[in-house]
Every structure is written in C-alpha cells, then in structure tokens.
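First subunit A sits with subunit B, and in the next complex the same chain sits with subunit C.
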Partner chain A sequence: MFKMINLYPLKKFRFPVIAECVSPDVFQGKNQKEIEELEIWEGNKQKRLGELFKVEETRKEQETIITVCGDVSKVRRIGAYMTSGEITINGDVGMHLGEEMEGGKITVHGNVGGWTGSMMKGGTIEIHGNASHYLGAPYRGSNRGMRGGKIIVYGNVGNEAGAYMRKGLIKIYGKAGQFAGSRMHNGTIHVQKDSEGRVGACMTGGKIVVEGFLESVLPTFTIESIKKKVKIEEKIVEGPFYLFLGDLTENGKGKLYVSKEKNPQLSSYEKLL
Partner chain B sequence: MAVVKAVTCPVCGCLCDDIELTIRNGKIVKVKNGCAMCESKFLSHKNEHRILKPLIRKNGEFVEVSLEEATRKAAEILTKANYPILYGWSSTSCEATRVGLELAEEIGGVIDNTAVVCHGPSILSIQDVGISSCTLGQIRHRADLVVYWGSNPWSAHPRHIERYTAFSEGRFQKSAWKGYLTKVKASAAKKKIESALRRVLFRKKAFVSPKPRKGPPPTLFKEGRKLIVVDVRKTRSAEISDCFLQVEPNKDYELLQALRALINEQEIDVDEVAGIPVEYLEEIADLMIGCNFGVLFFGVGLSMSKGKLRNVDAALSLVRDLNMRTKFVIMPMRGHFNVTGVDTVFTWQTGYPYAVDFSLGYPRYNPGETSVVDILLRGESDAALIVASDPVASFPKKVAEQLVKNPLIVIDPHMSATTRMADVVFPSAFVGIEASGTAYRMDHVPLPLKKVVNPPNGVLPDEEILKRILVEVKKLKEKRLVEAA
Partner chain C sequence: MDIAIKDGKIVERVDELRARKIYASGMIVMPGGVDIHCHIAGSEVNTGRLLRPEDHFRDFERKTPKTRSGVGYSVPSTFTTGYRYARMGYTTIMNPSMPPLEAKHTHEELNDTPMVDKGTYPLLGDWWFVLEYLKKGEIEECARYVAWMITSTKGYAIKIVNPGGLEAWGSGGNVGSIDDQVPYFGITPREIVRGLCKVNKLLNLPHTIHVHTNNLGKPGNYLTALDTMKCVEDLASEDKPAIHITHCQFSAFKGSDWRTLKSGAEEIARYVNNHSHVTLDMGQVIFTDTTTMTADGPFQYTLHELSGNKWVNHDVETETSSGIVPFRYRRKSYVHAIQWSIGLELALLIKDPWKIFMTTDHPNAGPFIFYPRIMAWLMSRKAREAVLNRINRRARNRSLLPSIDRELGFYEIAIVTRAGQAKALGLKNKGHLGVGADADVAIYNVNPETIDPSRKYKTVRKAFRQAAYTVKGGETVAKNGEILKHVKGTTMWLDVQVSEPIKITEEMKRRFREYWTVEYENYPVTEKYLEVSHPITVKANV
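And now, the complex of A and B:
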C-alpha cells in the first residue's frame, strides 16, 4: 500500500506556493492521478499539484516516502500536520516546513525558511543547511511553542530559535542568532558554536547549552556554579561550563550553560561564586 | 476672509485639534496654534508639486489621461496580478482604508500599512504581552512621571510635551515649563562661565564634549511632574528633561530587563548595564515605583533597533510589573496622523492590524512572511498599489528596486519619488484639508478631519478613487467569469 513518490518542480517559482497537501498522510492510499489532482495555491490562484510538479511513483515501501527534488524555496507548509512517513527534500525549502507535525521524519539537503518545525509535537526534522528565524517557534501571538520532537540543524540558525519551547530538543551544529530559547518553559537547546546573545531571555525553565562564544549574558541571569560536563539526552558534553540561572524577571529556573574556555570575558562572574 | 476653528491637524500622531485657519480666495493664508510641520502642510497644499490630472506611463513618458482610462488601466493591472500588494494608508482617512480592504479581498492581494516599517514590532509584542494604556487626557491631568524611551517628541511630535505631558497644565498636575525656563537660563549661564574660565585661565578650547552622567541629577528629586528621557544620544527632548539616561546603542533590552529585575527586588550580578551604573538604575526604579501615575512613551528607537519586538516586549512587561506596585501606563509614539486608525480599521475588518494576506481568499497574518518589505525583498509580488505614501523614498534600496520593477499604481496628491516611478498615477485631495474623514489619535481616540478648502478641479479624495477602481475590478472579474463560462 505504501509507496515512494518523487516530486519535481516544473518551473522556478516566483510567487509563494502553499502546499499543505505535500504530506505522507495526504498522499497515503492515493494513486498518481489522485495526487496530481490535489489542490495547491500559487500566489492568489488555485491550481492542481500536477500543474506545478511532475509526480513520479516509484517503488513500494514500508511507509509513504516523498522525495522533492529541486529548489522549492517558495513552497510553504510542506509536511504540515504530518503524523508518519518520511519527506526528503533535495534543495532549499520555504517557510513553515513541518508545522505542527506529530511524527515521521523530514530531511532537507539545503536551507530552510522561517518557522520550520513551528509548534511541532513529535517526529524529527534534520536540516543539512542553514535555518532561518523562528525555528520551532510558535505562530504570532501564541505562547505554545515546540512540544516535542527533535530538530537537528547542521548549519546556522536565525533569531528566536525555540521561542516558547515546552519540550523536545533543538540541536544546532553551527551558530545561533539572537534570543535563542526566549520565553522557553522546558526542553533543551544545544548550540555548538557561537551565539549572538540575549540567549534564554525571559525563560522560566529548560536548558540551553552554548559551546561557543557568547558575547554577553543578560544582566538578569545569576551565576550558580561551574560544571565540568552537561548531559543532553543521554549524551555527555565535556566542559567546563559556567552555569547561569534565570531569567530573574520571570522568577525563572532556566539553566544556561556557557563554555568557560571560549568565554574569558565572563571570568568576572567567578568572583561571585 | 473666513476663519475656521477647531481644525484637526493631519500631520503626526498627536492629531492636535485646536488649529485655527484663515482662508482667503479658497487658499489657507494663516495657521494659528500649529507647529512648524502643521503650518508647512496647511500653507503649501496648493504648491507646484501637486498633480492635477491622472497620468499613465506610455513609452516611458507620463501622458495625461481621463480618470476613466486610468481607472480601467489600474483595474486591469490589479486583476491580472498573481500576488499584488496594497501599501500606504497611514496618511489617509479610515473611510478610504475600508474601501482599500475590500479591494484587497476582491483581488486576492496583500494589504499592509506603514506600521510595517515603524511600530509593527510593537503590535507583535502587544499581542504577546498585552498593553496597559489610557487616553492622553488622563496623562495630561494625572501623570506625575513621564518617560520617553527611544523617541524625540520635541522634534517628531512637537506639541506632544506641551499638550499632553510635562508642559501641559493638568487638573491635578501643574505644568513644568517655568522650571524648564529657569533650568535653561541656569545651564546657559553655567556653560558661559565654564567656557570663559577654560579660555582665560587654562587657555584651553572653549568647548569640550560633555561626559555622560554616572549618577542621578539633582532635578530627579524635585517636587511635581518629572520628565525622564532614555535615548542613545542627547536629543532636544533630552535637553529639557529632568533626567537623561544615555543608553549604549542596541542595549535597550538589557536596560529594560535590568529595571524589571530591580523593580521585582532581585539582585543583579553586574555593576553596570548598558553603560549605566546599577546604583543609578536603582534610583530610577525607586522613582518609578514611588510615582502615583507614571507613563512610558516609546518610539521607533525601541521598536526598530536590535531586538525589535523583544525590546517592546520588555517595555510592556516592565509596565506590567510596575502595575503591581503603582499605576503605570505605556503608549507607542505613532508617527503618521492616522496610522493608529488604519491599524484599527484593519483589525475590525480582518482581525489583524497590518500585513494581511488575502491571497487564499481569507485573511492571513504573519509579519515576516506577509509583510510588504519581506515580500518585496524576496521578489514575490508582481504589482503594487500605493496610497498616500512614499515607499521608494523610505524603503531599503533593494526593496524599492523590486517595487518599481513591477506595474505600479500610485494615489497621491504630490509628485513624490514613488509617483515618479509609477505606471498609473491618480491625483488625490489632501485628507484633512480638501476632504473630510476620520482619523485616530495615537491613544485610539477618533477625531474628525475637516474639509476646509475645495480640491483643485477634477481631483477626488482617496476614498472616491478607490471606490471607482473597486467597481471596475468587479466588472472585469464578472466579464472574465462570463467568458470562462
């Protein structure tokens, strides 16, 4: 019943394309013809999926696998609300990838737009490029951020990654922008390189680990101790790390680990210990 | 010669409604009570930059055409477009904006107003945190502590201090202008003596750049109304204030958060925040808690510097925290005279205050995705209608380039930078001078705009022009439906 479906964009898109239908849950049980008939929006015109993408059905699989080959940086909401299956994208992809997804896996061999994994509840998103702003952050005005699952970015990310996060893991192998983990309640953000600052602003709980250079810690964080190592999901990361608690403004108990070795400018805090 | 009293000034968000105009032969010749910007707008409404006939660009040149032809051309462009944008609105009436929203829905476009390059982030934060605000009348009569953060009302909203805050005579609060005069005289005398001493006794340069103050000034502890200005540089407003806090550029967030912590009686690990010693901040925090009715006005210095919406988020949270201890309100210093009204009309019609995308047939809102600047930066739009705004002059260069690449329709009284790049131009009447309407003051109080003189012959108000375009768009759409059937 399950199969592998390849999608090839027929042209270079100029207008935003809203493609909520590109999801294993929707494709499941449909034949090629039915998939081509699915509704999709290009700018303010409603079209059929077959008008914008070449649909190719290949072999039978254990679960529905969708592969998108080509630049889909204007295509938004791919894999939104998905619960199972797999999407692989070979190229850049647009905003709201995997929004509110509950399960399954999305792999991107390229860069992703804003709000990737926004409000996700489960599953995994793996990005082998850079991610834009609001990674895993909620919709405007909402305070229910990421509630589970895993996002792994091998490149850099923009601002406000993991804002309002409640559960789950965001692992960033590159650099993170400003306000990573702002107003987060729980969950873990692991930044392996530098961060632009204001990390954990207004956080009330959860854990943020910065292994690279962090220009300054917000004045509303207090130093707690120096830790030799920190545990992230069964894995041990060797330090030493300064451990800050915050954010004082929200009476928060969030933990901010900052590498001691990479941040000599924070040594003035040591006299307070 | 006629004198018209109680005219509302269509320039800034203060919307002063005590202007007196003298009119002779259909022209305004004298303006009373207005600031320099107000006078300039009222006196120059019939200047040489006015456009008097609709224009269409043919072979690169503007050609004068009839209103019907221009309307037809505009409707054709808008109905053909796949992702048109409708931008501007803040300098026109609420009535025109309402028609604009209907047009946006009809053509499936993105409608956005100038809040996107000014207080848009403030709106996002207000949606996140909430706002405790009031009307300017309350502030005039009751506020005993006024804080301007990242705004310079002396230059940008010239009558704000005089009409609503420090220099206004309230029922329960006295004006502080006499104290200000004494202060100015004393400071001028002090400067003269100091420079004379430096020149004569020490043979040094007469002028030395002032050092930022590291402690609270004595004026902070005076009786009565107090004015605090927080800015990155000493502006004209800062000069008249009782206390000026010079914050390091892009450190507003840290300063606001530190103040919040101090107000919540928390200990801070560092000695200095954003270039200001923590002891000084403690004095400010005490003053804020100790006031009876405080108000914080914030400008684009907060909403458009590093941190954007999170800066405003911190300011709103600060006021929320202060309300646990005393009465404190907060208000954005809106720029254009009707930007508040436009946000209000957008909200009651669509549910969202700006950056509303109708491309899927229903309103969607996500600034960053559906905001005009970002859409243009990504090169996604294919036509634009600009009403009462000059984005070519005010947008970033790349964005403006993208805007003028596509068909551009402009409704404006003037030959502005945007009008010069347009394909279809509609001359319009000045709202508040040649056309009546409604505008909202920065505290959400609606005020009537008066028609005091007649517009030039054949020139219509924005609302009327938009209605005609809308009718034409509907006709074209119907025709297409019939053809398709």
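And now, the complex of A and C:
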C-alpha cells in the first residue's frame, strides 16, 4: 500500500497555508482522490488539498514517500506529528516543518522557516539550505524542547537554535545565530563555523561545540580545561578546544567547547587554569 | 415529576399546552452547578494568559455562528470559560481574589464571561485600612470601611489570603504561624482573621470569610489550618458557619519536609466532623499541566524555587500581592500523588457533604474541565483504585484512600457541586429546584435508577462532562455540548447598607494620593460598569 506521491503547488501562495495533512502517516493507505480531499487551511478559508496542490501518484515504494516540488515557503506544519516515511521538499518551505515529529525523515533542498523540528522527539531532518530562527526550539513560552532525533543543516541557522533542548543532536555546518542552545538541559549542538555569541545562555546541561569564531563567552561560564578533542555521537572532532562550564546563573553544568585555534581572543582565560 | 419554569424562575405550574417542553425521563435533573472558588477573571488570570502562550497553542476553539473563538487549557479566555462551564451544566461561578485596585479590570472580564452568573471576592486581609483599624481595635469602624470597599468594588465576600503574610512579603518576609507579628502593623494573622470574622458578622454578609490559610503549601501546615479554624470557634452562632477554608488540600500537609510529607486530612476531617462553624472546599489536584495563580506572593515564590519554572510576582500597592507559576502535577511524583490523595480523603472523610465542596481551585490544582473526573472518583472506589494503581508507589502505600470505602451517591454529588456551595454562599435562589429558585437547571443523560455509578463510573463521567441540557435563566443555552445561545449572566454584588457610612474626607483622599497610584475619584467601580448588574442589598448592624 506504500507509494510515492508528488505534490506541486498550483500557484504562488499569498496567505499562510496550514498543511498538517501533508504527512506520510496521513497519506498512507489513501488513493489519489482521497488525498486530494484532505482538509487544509489557506488563510482563514478551509480548502481541499487538491485545490492548492497537484497530486501525482507514481510508483510503489517500501514506505510512503512524499515529494513536494516548488516554492512552499508559505506552507506551514508540513510533516507535523509524523512517525514514519519520508518527505522530500525541493524548494523553500515555511514554518513549523516536522513539528513534534517522532520518526521518519524530512529532506529539504532549499531554505526552511522558523521552528523547524520544533519539539521533535525522533527522526531526522536534513536541510541543504539555511534554517531560520528557533531551529528545534519549542513554541513560545513552552519549555518542552527537542527530545530526540537529529537535525542537520548544511547552511546557516538563525537565533535560538536548540533552545530548551533535552536530547538529540543539532549539527550545523554553517554559522549559528545568537543564543544557540539557550536554556538547554541535555543533548548536543555542533556548530562547525562561527557563532554570533551568547551561546548556551542559561543552559543547565548538555554539550555545545563551536568550531569557528566566538567573540566572547558569557561571563557566567567558567573555564575548566583545554581538551584535545571532543566526541560527538561516536565521532571524534579534533581540537584543541577550550572547555567552559555553565551557566552559573542557573547552577548549570553544561559544557561549552570553543575552538582554541580560531579564538585567540579567549587566550586570556588560560591564566585562570 | 415536572419542573415548571416561567420568566426565568421556577414556578408551581405553567400552561402545559403552550409551554415548551424538555423530556428528561431517565435522566438526572439537577440545579445548575455552583462553583465557589475558581480564578476565571481579573489581573492575575490575564497575566497568566500572557505568561502561557504555549497553553493556548494546544487547545483552541474555533468560532461558530453562535459562539466566539477562544483559546486556553488551564487559563482559557473569558468566552471559552463561560461556554465550557455551560457545557458541564454549571451556571454560577465565583471568582475569588480580586485585588480591589484591579476591580475594574476584573469586572470587565466578568462582563465578557457569558453563560454564567458570577461574583467576585475582594482581597481584604492585607489591606492597610483593615490592618490599621484592627490594630486600633476599632471593629465597627473597620466594618464601615469593609462595607465601603465591598460596595465600591462590587464584591461579594471577604477574601483573606495568607493574612499578614502578604504585607510581610512587601518587605521580603512572611509569617510562619497565626501568632507571628506582621511587620509595622504589629498585629497577628489571628487578629486579622478574628477581626474580619467579626466584621463579616456585623455586616450580615451572606457568605462567611473566605480564607486561604497561612503557610499554604508547606509540609506540616495542617496545624496552621486547624489553628485558623479554631481561632473563630467562639464567634460562630446558631450552627451557622463562620469561616470557609478554601482549597483545603493545600493546607492539609503533615510531615516536617517534602520527603516525610503525609496527609493531614484525617485530623482536619475529625475537627470538621465535630464542629459546625467550618466549611471547606477541596482544591483537588489533577495530574496535568496547569498554571498556579494566587494572591499568596511568598507561596508562589517558593513554588518557583521548587519547580524552576517561569514566574510572575507582583505587589499590589497597599492591598495584596500575587504570583503566577506554571506547574505540572505528575502521577509519579511522591508529593503530587500525596496531594491528589489528600483532596479526595478530605471529601470522603468529612461525613457531612454540606461542609465540603468540590473544586480544583481552578487553575491552581487543575483546570475546571476535569470536574467530571473528580465526581467519578468521589462516586466510585473503582475509579479511585484505577488511579491509585498508577501513582507513585510510596505515595500509594501512605495514602488513606485504600482504607476508605465511602462512595458518594448522586444526591451527595448534587450537594458538593451545587446545593452546598449555594448555601454556603447564601445564594437563596441557586442550588435548588424549589419554587422561586432561578431557573438554572442542568440535565445529565444518565439514569440514576438503573446505573451503578460505582461500577459504571466511566458512563457517569461522560454524562457529567457534557450536560444533555443546560438551562440558564429559563432558556436552553447548551444541549449535548453544543452552545445554543450566547447569554449574558448577571454579576452579583453586595450593596452593604450601614447606618453611618464612612465619610470621604479630604484626609481619605490624601491617603489615596499617598498610598495608591489611583486617585480616589477613579477608584470605585460604578454600577454602570457592570453589564448586567444584580445588586443584593444587605442591611448591616453598624
């Protein structure tokens, strides 16, 4: 009963579209006609999926695979609550992609909006473009952060990536904005390039690794030691790294690794060792 | 038996041919529900809404042609509050803890709470004027000021929260027992409670003083609760209650710290069973994510320290304080499970259902939408056991619930959810279906003659969750969970008439200028402010 389904947006959306139904769990076991009849909101109007997207059913697959081709940067909540299957998006996508997802895989060949992978519990999100703010962070006001799964971003990300994170991995090949890993309890954030600062504000646990330039570490972090390498999910990242502990305002024991080589301005901390 | 309704009142009989009929055979007909204590309006509730966007994100209602949209789980928006109460068959609700300064705000929100009649209690236990006159021992003068305050804030009863403690909190302190001194004023919580109890009697107010005890939420505080009840023992007359201890579950902790926490419900129940001057409400804990909000600033600070959650704390000028902390009650937490047990123990160990009422202190111990679940726990041992099997094991071993066989019947449920509360509030036209009562009727689709609530508790719970019909003021407003009509409820307030009202002198205006950020002229709530005003005239003895 598994199949591959292609969706093509029929127009350039002017209003936000809430597309919770675009999820392998919902599509599973439905034929093309039934999929076209699924409910979807465009602005304040309730519509059918078939009115906004061209639905194309192709071949049979091992599991349900959805491919969205085109600019869906106004479409929100794609893949929310999904537990299995795969979604591939060729183009930009809007906010809340893969919200509270528990399994499966989402691949985006383009940029994503805010709150991607918000409150996710499992599965993988791979983004080949840039990600906006609140990557893997909970909804405003909530403290139910990411509880598992993996987010990989090949581009840059905005502010507050991995806020309130409790488990899982966020891997950023590009730059990270401000407040990466703020209030995180556990889990890992790996930034391969520069970070804009205020990394790990109010963190109480977990691990953040910054391989690029970080202008300054928050004053509520103390230097612990210099480490030659750091282990992230069975992989060794060669250093050396300054290891800071914090955030002391929250009696935190979070670990912040900052590359020694790229940050000569932090060498004054070495006196304190 | 038929119940005839005409012009919003229950009458002896009506013209049967012309009347609209509701066939309710095989169903339970009860008076509309009365809730004595639930925070549904006012500045602290609204701040709670601002603090918890994630609470709205999870739970929302779309607008329909008859109703307005709304959000909220533990702190629902005003319209949603009204609709949800009406769906459960509740028609009268009382909003406790209104800082007098925020009276206008509270009444604006109450105006926007449809479907139910409502009232609100001004917080008077830490008002400087009260403290000053009690310090001087001028009870009658104090009574005149209280009368002025209740009338000008359009309140319904005297609410006392952590007497003395809130004033001490203004300088970072608290009081540890009912005999501790309040800084500057030099009086004790005992004197405040006794003084306001005398004032309540002098003013002939329909409800008693509504007390949130000192030391709330601290292990070992059941002694404080007992002291508070004992201290007004001699002020009670003719078996009439003199004090209402609200959300008593939070005041019934035994033990010296959180690890040794035990239930003090047995001691409190024994005292209440032997005395007739006390009424209580449960404040039953529900295992869910909720928002705590009280005027008890120091308690909320402790809660923030315990939970590490975000918080709001506020000092309301000369009157009171307040605090808000989101909180999650967990089954597997020893303390929370004990708290859950205490609420039910209180309700089951107190023999007279007219003395204990069902509340969750919405939203402090849980949102009001869980009332049907509490009813099921009260009516069925099996329902309680189902939860007991899933709670923290150590708490289960220490709980008294397995030893309690009592199961409430439908009559007793009607008392703890409406009749008893209406009687305690002095609402003569609510909580019963006699001739002359307001035509607030709730009809639940469950047959009391054929169903055994102790075994079929799920059916009963489902029926109570969604009233088959809710009649408010003679109109069917909700049917099987659907709101049929958006009606405005009245706002009940006391017009306390004293023989010698206080004079608004230049001196008083000067104090307003010095003590408050609001000038005297802008302070009182005029009757025009209330959309549907329902004054209740009270003749005072001063």
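Going forward, the second predicted complex is superposed on the first by the 273 of 273 C-alpha atoms of A that agree within 3 Å, B and C clash if a C-alpha of one lies under 4 Å from a C-alpha of the other, contacts with A are read in each partner's own complex, and residues count from 1 in each chain.
FYI, contacts are C-beta pairs under 8 Å (C-beta built on N, C-alpha and C of every residue); 3 or more make two chains touch, one makes a residue touch a chain.
Since we're looking at a predicted model, the values are computed, not measured.
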{"item": "Superposition on subunit A - do subunit B and subunit C clash or fit", "value": "clash"}
{"item": "Which of subunit B and subunit C A:Ile18 touches, first, second, both or neither", "value": "first"}
{"item": "Partner chain(s) touched by A:Asn44 [first = subunit B, second = subunit C, both, neither]", "value": "first"}
{"item": "First, second, both or neither for A:Ala201, with subunit B first and subunit C second", "value": "first"}
{"item": "Partner chain in contact with A:Tyr139 - subunit B first, subunit C second, else both or neither", "value": "both"}
{"item": "Broader residue contact with subunit A after superposition on the shared chain, subunit B or subunit C", "value": "B"}
{"item": "Touched partner set for A:Tyr8, first subunit B, second subunit C, both or neither", "value": "neither"}
{"item": "Clash-bearing segment of subunit B, relative to subunit C, as chosen among 127-135, 271-279 or 379-387", "value": "127-135"}
{"item": "Overlap of the subunit B and subunit C footprints on subunit A, listed as residue numbers", "value": "139-141, 143"}
{"item": "Residue numbers on subunit C that touch subunit A, as the complex places them", "value": "51-55, 57, 309-310"}
{"item": "Interface residues, subunit A side, partner subunit B - complex", "value": "14-16, 18, 41-45, 74, 76, 95, 114-115, 133-134, 139-141, 143, 178-179, 182, 198, 201-202, 216, 218-223, 247-249, 251, 269, 272"}
{"item": "Residue ranges of subunit B touching subunit A (in the complex, touch as defined)", "value": "81-83, 107-109, 124, 127-128, 253-254, 257-258, 260-261, 264, 266-270, 273, 306-307, 310, 313, 317, 321, 358-361, 365-369, 378-380, 382"}
{"item": "Subunit A residues within the subunit C interface of the complex", "value": "138-144"}
